[in-house]
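Please find the structures below.
You will see two complexes here that share chain A, one where it goes with chain B and one where it goes with chain C.
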Partner chain A sequence: MVNLTRVMLWRRPSVRPRTVDPFWKKRQIFKLSSHFYGRARNCWSIAIRRVQRALMYVAAGRKIRKQHMQDVWDQRIRSGCQELGYLPEGEKTMLEGLARSNVLLNRQTLGNLAVLEPRTFEALNKIARVRANEEKIARYLGPFPKGILGKL
Partner chain B sequence: MSASRRVQQWLTFTRQWWLFDAKWQDPFESAKVINKHLKGAHKPIFGGHADCGDHVVVINSQDIAMRGDEWYYRVYFHHTGYPGGATWTKAWELHKKDPTMIIWKACYRDLEKDLTRRGRMQRLHIFKDSNIPKDIIQNITDQIPQLRTVPKRLKDYSQEEIEKFPKLFDYPKEHVLD
Partner chain C sequence: MSQLSLFVKSGFVKAPLANGIGRYVPQCQRMTLKFCLGWGNSRGVRDFIQHDLIEFVKQNPGTVMYLKPRRHRSPVLVAEYLNGGREWFSLNDMTREEVYKWVDLYRTKAGYPDMHFKNYQHSDIPSIQGYWTPFTNKPADRNMLEFPQNSLNTPLNLKPSTSEIISKLYGEPQEQRSSR
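Right, the complex of A and B next:
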């Protein structure tokens, strides 16, 4: 183990160097621009502009990615529902039906189940279908699943 | 991987062929359903990371329906690129020229405008009637349900069915129907 306490508490010189060596400052940027095409890779004035724009895209992408993943999960749950046919309206009814049945699974989990564990998904879908039958949570409903007596 | 799992893998990622009967269907509403199958959005594995789109065979495209007088006011624009090369074609004219074109354009327009579009359109096969080449019909495994049921005309009912139909009253014999 490295004990850094003494190093951290070491009094630093109060007068810090006025300037940092521009080579290292630029090197940080050039590392980010290393995969760019053309002079944007090595010419400072072009690279700094491109890197700043790229970082703005990255910041925006963090938001977009969350929305995109939710869209993907919704789409998977919807197509899983429509494939089975019990809940033709899709993910909205299923999530509502499960929430009212106290099955607290989120979109990510249900989306993964729809892909990887279709039988589990089917069972959950039937639960939501039966709940939807008891409480009016959907306008259109598919056929009632067989082998279920009708009450949760 | 065991044999059964391997077959499951094939079945999951194989391209399926769907049949869609466009008779008396709205081409623009149908395009959304067709595109869902072209993209593979009807499968739970759909997520943008895998190309899971299916083939769709559309038949009877010459019998599509439009609302009201849409045949007369829907206009297709084309420009040859030369000065004065713009043409505007009414939907009914285009349909007369090529009965598969309207549904093709409807699908093309509804798809995402990116590099996947041309590839997806290649998997759409449109036929003006129900005569499909043998090499295509042998692939078809399932049918996309029609959006609207095709209503039966009066002449399609037999005389017995017409007489059986419940009615409130009979016209008196001396009543003259124009």
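Right, the complex of A and C next:
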């Protein structure tokens, strides 16, 4: 059932509203597609689809980048742990050991130290290893580091 | 998205001539305030000039303030910097507090264009102890070895073969493999 009163009294603009100059509207899209391959660079209907998809990927990528960077840091810490051998299980045990020793460094800093300051990273690894000796953190532990006397 | 096609440029943080490491030189050379003496959109700027300008100028002797009263023109701030950078900013319909905050912001800037920072830190020498290499954690005496070395001839972590295990269990004399 159609409500004719509603249809007749529905207000519509009598004059078509002024649109934006299409040249400038399309220019905005072509500026973003300037580095695309082939017709997607210059032809409107192809470019608009590709640009919209590209913008969606960029927006989604911002969220993915955060996890990706954390994975990279994790991998660097893990590689450092496994190379030194004191904590073969990986970055989780090292982070747990450091947290329990009140060394509150995040994965970004530790990952950077593993690459840029390997001696500092080794020292932090040893701290975590000694803490792991006192408290049950890991299932498998590497050898106890030499040259550490007494308790932490 | 290619960097060339984006509207907002991105880059790394930088300071002109390592400003701040030794001495800090305020980078804002001069600021020009254009405003109208009558119209309402310049009221905030007029109030700022009346109350806050003298103190601002006394506190920042390195930054010169120019005033341009122009009839029937909207208020504008133009800041020029020591590296040649120039920034134009509209102060239309702003209150006195807002004008003060924006003027203070442009005082602390350094003439580089507004951009998205990829990293808020920059260092010419990121690594003090030296970058990690595959040789960083290896024992250094390996540099002085002369080859051939009998100790390094056999593979690492060589486990005993089944024959050796069996001969150990039952005590039969077997040819012993050379151990590391």
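Note that the second predicted complex is superposed on the first by the 134 of 152 C-alpha atoms of A that agree within 3 Å, B and C clash if a C-alpha of one lies under 4 Å from a C-alpha of the other, contacts with A are read in each partner's own complex, and residues count from 1 in each chain.
We take it that a contact is a pair of C-beta atoms (placed from the backbone, for glycine too) under 8 Å apart; a residue touches a chain by one contact, two chains touch by 3 or more.
Worth saying up front: this structure is predicted, and the values here are computed from it rather than measured.
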Chain B and chain C placed together on chain A: clash or fit? clash
Next on the checklist: Looking at A:Ala114 after the superposition, I want to know if it touches chain B, chain C, both of them or none. Which is it: first, second, both, neither?
Outcome noted: both
Go through the superposed model and pick first if A:Glu83 touches only chain B, second if only chain C, both, or neither.
-> both
Is A:Ala54 contacted by the first partner chain B, the second partner chain C, both or neither? second
Margin query: Applying the document's definition of touch, where does A:Glu122 land relative to chain B and chain C: first, second, both, or neither?
Written below: second
**Prompt:** A:Val72 contacts which: chain B (first), chain C (second), both, neither?
**Reply:** first
So in the superposed three-chain picture, is A:His35 touching just chain B, just chain C, both, or none of them (first/second/both/neither)? second
Across chain A, the partner (chain B or chain C) reaching more residues is C
Overlap of the chain B and chain C interfaces on chain A comprises residues 80, 83, 114-115, 118
In their shared complex, chain B is touched by residues of chain A numbered 72, 75-77, 79-80, 82-83, 111, 114-115, 118, 121
Within their complex, chain A touches chain C through residues 31-35, 54-55, 58, 80, 83-84, 114-120, 122
Listed in rising order, the residues of chain B that touch chain A in the complex are 41-48
The chain C residues in contact with chain A across the complex are 1-2, 4-7, 126-132, 136-137
